[in-house]
Structure formats: structure tokens, C-alpha cells
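Before anything else, here's the structure in question.
Chain lettering (A, B, C and D) follows the sequence in which the chains are written, and residue indices restart at 1 in each chain.
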Amino acid sequence: MSVADLRERTRAFVRDTVIPQEHRHGPDSHGVDPALRAELQAAARAAGLLAPHVAPEYGGLGLDMRGRADVFEEAGYSLLGPQALNCAAPDEGNMHLLELVATAEQKERYLRPLARGETRSCFALTEPPPGAGSDPSMLRTEARRVEGGWRIDGQKRFITGANGAAFAICMARAAEGATMFLVDGATPGFHVGRSLPTTDSAFVGGHAEVAFEDCRVGHDAVLGEVGEGFRYAQVRLAPARLTHCMRWLGLARRALDIALDYAAGREAFGQRLEDLGLVQGLVADCVIDLEASRQLIRHACGVLDAGGRGTHESSIAKVFVSEAVHRVVDRAVQVHGGLGVSHDVPLARFLDEVRPFRIYDGPSKAHRWSIARRAARRRAEERSS
Amino acid sequence: MSVADLRERTRAFVRDTVIPQEHRHGPDSHGVDPALRAELQAAARAAGLLAPHVAPEYGGLGLDMRGRADVFEEAGYSLLGPQALNCAAPDEGNMHLLELVATAEQKERYLRPLARGETRSCFALTEPPPGAGSDPSMLRTEARRVEGGWRIDGQKRFITGANGAAFAICMARAAEGATMFLVDGATPGFHVGRSLPTTDSAFVGGHAEVAFEDCRVGHDAVLGEVGEGFRYAQVRLAPARLTHCMRWLGLARRALDIALDYAAGREAFGQRLEDLGLVQGLVADCVIDLEASRQLIRHACGVLDAGGRGTHESSIAKVFVSEAVHRVVDRAVQVHGGLGVSHDVPLARFLDEVRPFRIYDGPSKAHRWSIARRAARRRAEERSS
Amino acid sequence: MSVADLRERTRAFVRDTVIPQEHRHGPDSHGVDPALRAELQAAARAAGLLAPHVAPEYGGLGLDMRGRADVFEEAGYSLLGPQALNCAAPDEGNMHLLELVATAEQKERYLRPLARGETRSCFALTEPPPGAGSDPSMLRTEARRVEGGWRIDGQKRFITGANGAAFAICMARAAEGATMFLVDGATPGFHVGRSLPTTDSAFVGGHAEVAFEDCRVGHDAVLGEVGEGFRYAQVRLAPARLTHCMRWLGLARRALDIALDYAAGREAFGQRLEDLGLVQGLVADCVIDLEASRQLIRHACGVLDAGGRGTHESSIAKVFVSEAVHRVVDRAVQVHGGLGVSHDVPLARFLDEVRPFRIYDGPSKAHRWSIARRAARRRAEERSS
Amino acid sequence: MSVADLRERTRAFVRDTVIPQEHRHGPDSHGVDPALRAELQAAARAAGLLAPHVAPEYGGLGLDMRGRADVFEEAGYSLLGPQALNCAAPDEGNMHLLELVATAEQKERYLRPLARGETRSCFALTEPPPGAGSDPSMLRTEARRVEGGWRIDGQKRFITGANGAAFAICMARAAEGATMFLVDGATPGFHVGRSLPTTDSAFVGGHAEVAFEDCRVGHDAVLGEVGEGFRYAQVRLAPARLTHCMRWLGLARRALDIALDYAAGREAFGQRLEDLGLVQGLVADCVIDLEASRQLIRHACGVLDAGGRGTHESSIAKVFVSEAVHRVVDRAVQVHGGLGVSHDVPLARFLDEVRPFRIYDGPSKAHRWSIARRAARRRAEERSS
């Protein structure tokens, strides 16, 4: 099946199967109800749409990054879509990483059930200050070699999906350098604490504090090579940023469609709302923001598909898209007037979901700082060449 | 007591008495708990700070608009402050209107207990489409003369504070023209329906639908003169817009202070956050937005205090301030990183409170339309003179 | 030669051959000196870089739209670059149109010398109000059949390159509908009037008023079919918009490079300018604007290369790019401080050149209006399907 | 005469006497023709409007800062207005300083003829890097005591009005600290060099490089006290910033009026331009920007009139106003379409005049940095109190 076909089928699936269930995911829901999630995944599986990003041998559709750009945008058109297709964060990024780095045995144990939607996972990197935050090199969680394997100690926070995760990919500092470990959720010494009460509610399992206290794992828990943690983090980083962008882009497009539907049916000052110049200005700016977002995502995907790291391109896309989708949803709210700030339409909720994206995965100011430094460095090289 | 003194005392009262109670008004509270409100008002009464906008003979402090600008900004520094001082919308605007238009008897019956904080009220103007919305001339609620008084019939919506209000000021169309009526909450035929589930939660009594169905009131229920409703609405309009601006300006200043406190205590990239250029840019923009807001408010207040209608000036202030306070709170969120979008700090909630202000009291696009038309008209007059 | 090679060679040519001659095109130059233009074109011809957009059989390099995107951006890095490569407006768009529509004989007579840089041309569509402006359907210039051919009468204005043009492509209203004519510059009744004193000075021949007064041309002057003028205008429109975008994008990249060079060599407040957070914010925003511009252009080019009309995509690109390049140059000025607004660096001049692009080829407000209407229409179709 | 009267008379004078002479100050004029200036000043003198900011005993009207805000805005409505009223920079700021600091004898010699418009002056503070620029503490020009007075050596640049100035107020570093000197234009060793070819052309005498080379002045050349130079610079700084704001605000209001006149007389898409929503949005944003600018200026003026230093308030006003007036003129250009970027209307020129103001008198980034630091400091004081 071509990507174009898959895109159309995902669009139809979201429209016909997912959106009709959205009423079950009310504005006060924190996370998606597991039963609803399972039900939607069953439907997606039946429709042949599950795990579009995973290799066919692990049950997925094998899309490259550009293919994901098309399909994930469609999935993101509903807050429940990525859950339904099992391509939501952080599981989606973890599957990507496992596929590239895990041993065959680890893939069987962790990737296969994850890709099937039978389990969930989390990625335990971020730490409370003064540990690893925007700057991963501050990593403080420690991994020491002990009899039979490793002992991990440290605090993590903002760990999306930790609550209920079957396993965590934990980043810790070993003597040889940063290293990733696969830690089963039931491992003694792995504690999931309080979830931060954030405004968003579409991530299953919230954003929790996690503690590793004398947490013992075997040698086979090492993901990839000891000491290569930062390199693997990079492998996960750029694609995970981009898939976030894809999904939120879909939601922003939905917001615009809702606004267009509303504007087509209402009048003010003797004109249809959609014909008022000031509304048309808002709509046009949304269309432009969506299109620029889409093309920045696709370009960065192309770089990755061609084997590039895509750090710069995905960083640019992340800043632009996170701010653009927020503007789009905000304008859609404005078009609606009073109704826009009520929960009778889903836009106020969309605002709560997209606002954090200007912060998650690196706040805009950190990305801008990196982008500017990279630009200065590149130009310095040109000057000296 | 000078306005400057009153301002300082209000500042101290909010800091020492109101803010310590904010934990009782959690992010999921809808409206303020009546017991908390009563307790805070008792404290304000004891401090001599209650009802700063009301004439002394009705128990207030008799501030003119410029005086209110100073004091209400301080009150708004906490979401609970305007409730504590009994200068929150819509009661505050209703007191203003009653003081100017009501008969002595009506003042005793409605204004005095309202100013004391013993009752609450609502202002029933807005109607569902195709009735009075941004364009009040579409008014459809009808008032007909009947034996012994009037019969009112019509639908209202978005009526802030209706739930629990002791009385409503209802705008209806009589044969002689738009007319205002004082309708007791217990009057048969006055029905308060569902509240719109909006993102804000600081207005006691929410924003409800209200129905008048064969609702009978006496001749003494007419507020001011029959047929003068639109003129009175204008009397209430400009000041009410401005007092909204004052209170939200206070909240935005609070948001900046929270951000400054955070930035002073955190480090990133080896610098204190407050010394990072990109954070300084956000802070400076907040300071500028706050100051411009303050001066636009004061100017419009001066026009009103000098006897002008202030329609143009208050409209300009409303657009600018509503957008500026939103920007300020949004930047304060951004300075905080992940914490900013959690309910561990109050900023995410502030966003929910201020976002609707770009819509309430006339959405920005409607104000911009009026401002542009007025500018064109004024210039046409200059050309022809 | 691959497009990537061509891009690199163009970059080197502009850097090594064109930029060193820029001092001969001072800030007060109106248009490029013909001798300088000829000299640069000779160099480009020698380097095998002339007319990259023209079919090889007419002496060009045969690039499709995506290829042009890469190469024209490099050409635009100097204001003289597009002149040097003979890919400046309006000639470039005229060559595109002639290649698609003209007869073999017309191509020999008009296209071949134009592609070689031996002649210049203009496109006479826009009229003074109430004629064809943003809305081409208002066309008033008339073409009537006369003995031996046609007689054209009408006023045109803002006709770029008219002064000195060997021929004009003139749009006129015939009985059968809008029709294009090839009118030699020496034809009696073809008058080139005053050039509008615009801020830009990179277009050879300025933007002139043109009058057709009893201007007689033969039957062979008809370009394509009689009555098909609007269709051909569409054929020229989207590509011409995009090639404008490509060239200005190159100039904006140049502006950023100039700013980066400056910021690398200056200090303020004890830091290198390039390390100041507020400067980094400006730089990052430039990088993001440039990249989003580039990807919007490429996407629209892809649509055209695949046979689409690209009206919507090129309109979106035009609005975004014209505003983005202006922002980029404006920020580059700001980075420079006082020097930025002097003609000791070329940035103030770049501002004068790019500012009109937010107006030329359809002002932003007209494009936004079209974009919004198209969005509403597309959504209406989705709703009804 | 009341300030309100003076304002009206200035408005009428500019409209009836100054604007009709604007054609003599074409887009390529650098500086105003001295004959035109003299003629206009004669008219202003006859109208009793000359030097509104100067004390009556020196021939002025004695306005305080708030009075200047009203009158200078009217003067600024034409680029020639401030020249006509003799309240243009830098003379106006120099008169202000002389009045406050000079001895009676110095006032007779320098202030009186300057106030009468018989002479011009300059203020020689800024130096080429690494000297005094945004950061005056970097001052490098030296003043050493010699037989009979002082010897001054150093380089200055960007010295507005130096060309043709009767005298300079020169800031130099003496052993006792920074000191100001009154240096006659004919003094040996005082050299006026090249003027920077900036985009603006309304400052008589341009922005020149100035050199002091073994420049000898007497003891009576010291302005105020030796060692108090920085304090006096502060005395001049805040008011001079604000009077810049006032004049440019007037020009921006003019730009809006020109746009309103144009929009009233043109049609597009079947509507008058002034009724198009997208144009109305631009107009409303201009009105809001102008009003916010005006109120920020007035507020800072009030602080100064009350004896405050106004550093913070004038800095906020400067950033906002300089950016707002640029936005206003830019929108006025956009409303005009192609005509807007031509010199057939004066808007393109206005752009060239106002663009530098975002840089002159401290670029926005430097002001933002100061504003943020001051905000952090004030908040730190509040926290510790």
C-alpha cells in the first residue's frame, strides 16, 4: 500500500472510528482510559493501521520518516488518534530506538509486545535540577557494576508514561560513560512517584517522578553498548521531536477545520463570519502556519531518511511548529468568540494540550540558542574556507 | 486617605491576607467558595478596603476612575483580591450603574446590600444568536406592559454571576425602546440554566444561560427611564471594560513577579536564568506590556473622570490590555519551562483566566472594527473641515 | 551537471565574480548599468551558468522549478546575481511563458535573443485604476481586429523593465476574450512614460507607465491563441511568484551572513555580540525564517513540476517569504546598530529592495483574502462529501 | 496661552505653513536646506511658536515636558515641523541642558542665539569602538589641564548636526572624571569629518565623524562642574529620548492620516478600501500603537516634571515608541500598495526616517537589557523587604 493510500485510510479511520469516540475522553480526563485505548487499537489493527512506524517483522507498516509525516499528521487530527494507531509518545520513540539498537532477544521481549500495543513504556532521561534537563550532559543518575549486573541509583522527573509502564529505558552514568538500561516496571528499586499536574492530558500515564534506589538489573539489561548512551539519545532525539510535530500539526489542522465550520455557519455585522476580513486574516495565517510547519517537518524527515542526523533541521522544525500550532489553535479559539473558551467545543482543551509543546522536548529559548550558535559556527567555517 | 495610601494598603492586604488563602481556591475550583469569599470580605471590611468604587454613603471609598485604576490593579494581583474587596465583575459594574441611575429606594434595596457584600447580582444583556451579542441592537428579549407592571420574555446567555444572584439587571425591548429592569432572583419566570463550562473559574456563579418566561415585575422594577436602556448600557460599558483591564493587569504583574522570582533562583547553561539574554528579552517585553497597559487604562480613566464617554479610549485600552496580559502570562509560563505548564505554579491557571478576556466584553476583532471605523470617520471630518 | 553541482558553481561564481563588482551598483543607482550587466553576463556565459531556467535548445540549462529553487537562491545572494545569470524578473518569467506558448517562429525572434541576454522585455498587464490591478478581470486595454492584424489601445502602469525593452507582452481585451500580444518596442503607438520612483533599484528599466495608442501589430503578434490570455497569465503567474521568492531568499541569506560576520567581530557589554542572548534570538529567528521560506518554495515548486497549477501553494509561499525576508533583513540591520542604517553596509539598501516584495505580485492582504476563501471552499467541500 | 491652545495653533501652523513647503525637501535631500529652515523659523517666530521648550527669558515658550509632548507631536507631523519650531534634535536637547547647567555668561553666548535659531550645535559623546557607544562608561576622549585651560584629544562619531554647528558640547575624560566642554566650531583642532550616509535625511548637518586633536579651550569652556559629565549626560538623556518619541509619534500619525485618506478614495474587490476587514485591521493596530505611544510618553514626562529621573520610564517609552512608529508607517505603506513604495507619496521616505530610531539613542536590545535588569533588581528588593 502506498503512503498516499495509507494516509487516506488513516484519515478515514480517524474521521469514522476515532472521532466518534472522543466524547469518552472528556476535558477532565487525565490520560486516555485503557479500555478505550485497547478498543481503538483493536479497530486500528483490524484496519491494518497499527504501528505505522515499526518494521513489518515486528508487526508494523515500515514507514520511513517522510511516510510517518503524512500518516502521523492524520493520526494527530484526533487527540486519540496516536493512541489508536499506537504511535503516541513516548512509546513510538522507544520503538524507534529499540529497533535500531536492541538485541534480537531484547526486541522479542520489549519491542514486539510494545508494537502490538500490549504494553506501554517510558524513557527515563530528565532529572530534577541540577541534573540532566535541557542539558543532558548534567546527567547524575549512576549505574555501578555489581555482582551479576548493575545497580542504578538516581532521581528522574517529567517521565512521560511512567505510570503503568511495563518497562523504562533508563539513562545512567556508568564508569564508561552514559549508558541506557532496560528496566522492567516490576524491578525492586524502581519507583514511580507523583505525576506533575500539567495542563495536557493526552499522554497515557502522565509525567511522573521516578526514583531508582538500589535498583538491580542484569547484564542483559544494557541497551546497545555501555558508554554509548548519549549517542543513542541522539538517535532517538531528532525523530522523536519530529513525530511530536507531526501529531500536533494534525491537531492544529483539526482546530482550523472546526473554526472554518463555525465561521461558515455564523453571521456577524450582517455578513457570514467567514467573509469578514478580520476573520479571513486569521484563517489565512492559520493556513500559512500549517503549510510552513508541514514543509519544515518533511524537509527534516528527508534529511533523516537520507542518513543525516537532522539535529539542526529538527530543531528548527520543533521551534517553528510548536509555536505555529499554538497560534493556529489560539486563532481558532478567537474565531469562536465566547464559545471558544468553553469546553462545549474542544479548542480550549487543544490549547491546554499544545501549549506545553513549546516547552517539552527543549523549550523554544534553548533551541533558539542552539540554532544561533550553529549558525555562527557554520558561518565562521565559511569565512575561514 | 490618599489614593497612594490606599494603593499601598491594598497591596499589603493582598500580600498578607489574600494570597495566603489562595491554596483554598484550587485549579479545579469553579468560582470562589462563598465561605472563603465572606471571610476575605470581612477582613477587607476590617481593613477599611471594601468596595473602593462605591460612594461613601453606601459604604464604599468613593474612588474616581483613576483611583480605581491604582487600587484595582493591586486587588487583581490575586485572583481572590477583587472578591475580597467586593470589586469583582459583574457586581462592581452593577454598583456603578445603580449609583448613577437607580432611585433612592432602589439603591437602598439593591445597591446597599450589594456594596456590603451581602448579595450578588448579574447583568442580563447578552442573548444567544440571532439576539444581542457583540451588536446590542439585535436585542430580542421583550418587555410588555401588563396589569401592575411588566411582563418579560426572552433568552439570555453568558450571564456572569447569574447562579446565586440576588437580582438581575435585565435589558429588554419595550415599545418605547430598550429598557432595564431590576428582577429579583426569586421572581417566578426567572430561570437560571446551565453554566457554560469555560476555562476561567474566578467569576463566582459562572456564566449561565438565563430565561425569562412570563416573568412579571412591578413598575418600580424599571431602572431609570423606560426606553433609555441603551444609554445606560453605555454608562456601564466603558467603566466596566476598564475595571476588567485594571484587575487583569494586576494578575499579569503577579505573573511577571513569579517569573522573576523563578529566574532569580535557577541556573541554565552556566548562568542564572535571569541573566540569560533570551529570558531578559521576555522580561523586558513583559515590563513594556504592563506599563503600556497601565498608561492606556489611566488615560481612558482620565477621560471618564473629566465627563467624557470614553468609548474610543476604553475600546483601545481593552484590545491592547487583553492581548498584553495574555502575552505577559504566556511569557511567564515560558520562563518556567516544564513547571510553567503544571499546576504546581499558578501560571497555567492564570492563562485559563486571562485568555477569555480577549473575547469577553467584545472580542478583539469587533473592537478593531469599531476603532478603524471611528478613525476613518474622524479623519473624514478633518478632511472636510 | 547535477543541480547540486550547478548550485555550488553558482555560489562560487556569485562569491568570486559578482560580489566583487557590487561597488559599481551604488545605493543611488537606478537599475543596473547596462555595461556592467553585459560584462557579468559574459562571465556567466563563460562559466556555463547563463539562463538556467531556459531549455538547452534556446541556450539555457533546462532546470525544472525545483532546480531553479536551488540555483536562483544562490543567484539572489547578490542583487546583481540574477542580472548576471539572466534570470531576473520580468525577463525570466517572459522566457518561461514564451517557451510554453510561443510559436517556433516567435521563439526564434523573441525567446532566443532574450535568453542570450541580447535583449530585454516587459510584461504589460497592470493598469491604473479602475483597470486591471490585483484583480486582472478588470482589464480595460482593448485589442480590435483591423486590416492586417490588430489595433491596441490602453494604459498600463508599473510595467517593470519597460524602459529599454525590445518587446512587450501586452495583455488586452479582444472580442474573444483576453489576449496576449508580442509588441516590438519600436512599434508606433507604443509609448513608455515615466517610471514610478520606487525604493527598489535592482530592476533594470524601472517600473514605467506604458501607453498603447492606436498601436498596430500583425496577426503573428498574437501569443498563443486569441482569447486565452487569462489562462496564459496563470501559466506565468505561479512560477514567476516563486522565482521572485527564490531570489529574495538568497538576498535575505546574504543579510544574515553579513550580520553574523559583524556579530563575530564586535563586542558589547563585555561579550562578543554573537554570544549575547538578544542577538542570538534575532539570529535564530532569521535561520528559522529562511528555512521555512526555502521549504515552502520547494514544496510549491514540486507541485508545479508534477503538473499542478500551484496557485494556492505559490500564494502561501509568496506571503510567507515576502514577509520573512523583510524580517530577516530588518533584524540584520538591527544587529548592526547605527552602521545598519547607513549605506556603509548594504543592508539599508536591501531593505529598500525587499520591502516592495510584500506588495509586488499581489500585496499580502490580497493573497490572504484568496487563501482564506480557498480554505473555506475546500472545507465546505469536505463537509458536503 | 494654554498648552491646548498652543497645540491647536501648532497643528494649524504645520498644516497651513509647513506642509505646503514640503515639496522643497525632496527624498534625496540630505538635511534641510538652510534657507528653507530660516524661512520657516521666521514664520514660526511670527506666529509666536518658536522654541516652545525654552524658558521665556531666552525667547521660548517655557513648556514643561508634558506640554512639549503635546506640542512636539504636532510639530513632528511634518518632517520640517521641528526645524520650523527650532525644536529638532540635537539642538533642542542641548538647549535643555544649557538651560539647566550653563553659567549666565555661557547662556548668553550659546543658548540665546541657539534658541533664536541663529546657530546650530552638536552633542559630541559617541565614539568609535572600543570607546563610548551604548555604554558611555567606555569614554576614551581625554581632557588634560594645560596652561590657560584644557586640551582635548579623541575621536567621536555619529555626531548629529556637527556639520555646520556653531559649537559642540563635548564629553571628555578628565582626571576628575567625565567632563563636558563647550567647544566653538572654529576652534583649531576641532575637525568635522565625513558624515555617515544614513537612510534618514531630516537631521540638518547629518551624522558626522568628529576629531579633537590638540584642541585647546579655556577654563570657561567647562560646562557645569569638572567631573560631573555623566551626571549631566543623564540630565539630557531621558528628556532627549522622549522628545524624539514625541516628534516621531507626530510623523507616524501623519502616515496613518495619509493612509486613511488613500483608503477612503480607493476601491478593491468591490468595496471601498477603508471598509475591507484586512485594511481595518491595519488601521486599528495603528490607532492602538499611536495611543499607547502617546500615553507612555506622557507618563514618562509626568515623572520628569515631578522631579524624577525618568530613566526607566523613558527607556520603556523609547523601545515601545520607536518600534510602534515603525509599524505604523510600515502599515501605511502596505495600505497603499505599489504607490506606497514609491516616492510619489512620502511614506517610503518616512520609513527611512523612522527606521533608525529603533537604533539611535540606544538600540532596542540595549534598552531591553537594561529594562530587564532593572525589573530583576526591583523584584529582588521586594523579595528581601
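Here is the rule we use: a residue touches a chain if its C-beta (ideal position, glycine included) is under 8 Å from a C-beta of that chain, and two chains touch if they have at least 3 such contacts.
Predicted, not measured: the structure shown is a model, and the values here were computed from it.
J.: Taking contact as defined at the start, I'd like the list of chains shared as neighbours by subunit B and subunit D.
T.: Common contact partners of subunit B and subunit D, which must touch each of the two, are A, C.
J.: Measuring centre to centre, with centres taken as mean CA positions, what chain is farthest from subunit D?
T.: A
J.: Could you tell me the distance, in whole angstrom, between the mean C-alpha positions of subunit A and subunit C?
T.: Comparing mean C-alpha positions, subunit C is 40 Å from subunit A.
J.: From the C-alpha centre of subunit A to that of subunit D, how far is it in Å?
T.: 52
J.: Can you pull out the residues of subunit D that are in contact with at least two other chains?
T.: Where subunit D meets two or more other chains at a single residue, that happens at 276-281, 365, 368-369.
J.: Can you name the residues of subunit B that touch subunit C in the complex?
T.: 276-281
J.: Using the touch definition from the top, list the residues of subunit D that touch subunit B in their complex.
T.: Spelled out, the residues of subunit D in touch with subunit B are 256-257, 260-261, 263-264, 274, 277, 279-281, 283-288, 291-292, 294-296, 298-299, 313, 316, 319-320, 365, 367-369, 371-373, 375-376, 379-380, 382-383.
J.: If we count contacts the way the header does, which residues on subunit B are in touch with subunit A in the complex?
T.: 27-28, 129-130, 133-135, 158, 196-200, 207, 266-269, 276, 278-279, 282, 333-334, 337-344, 348, 351-352, 355-356, 358-360, 363-366, 368-369
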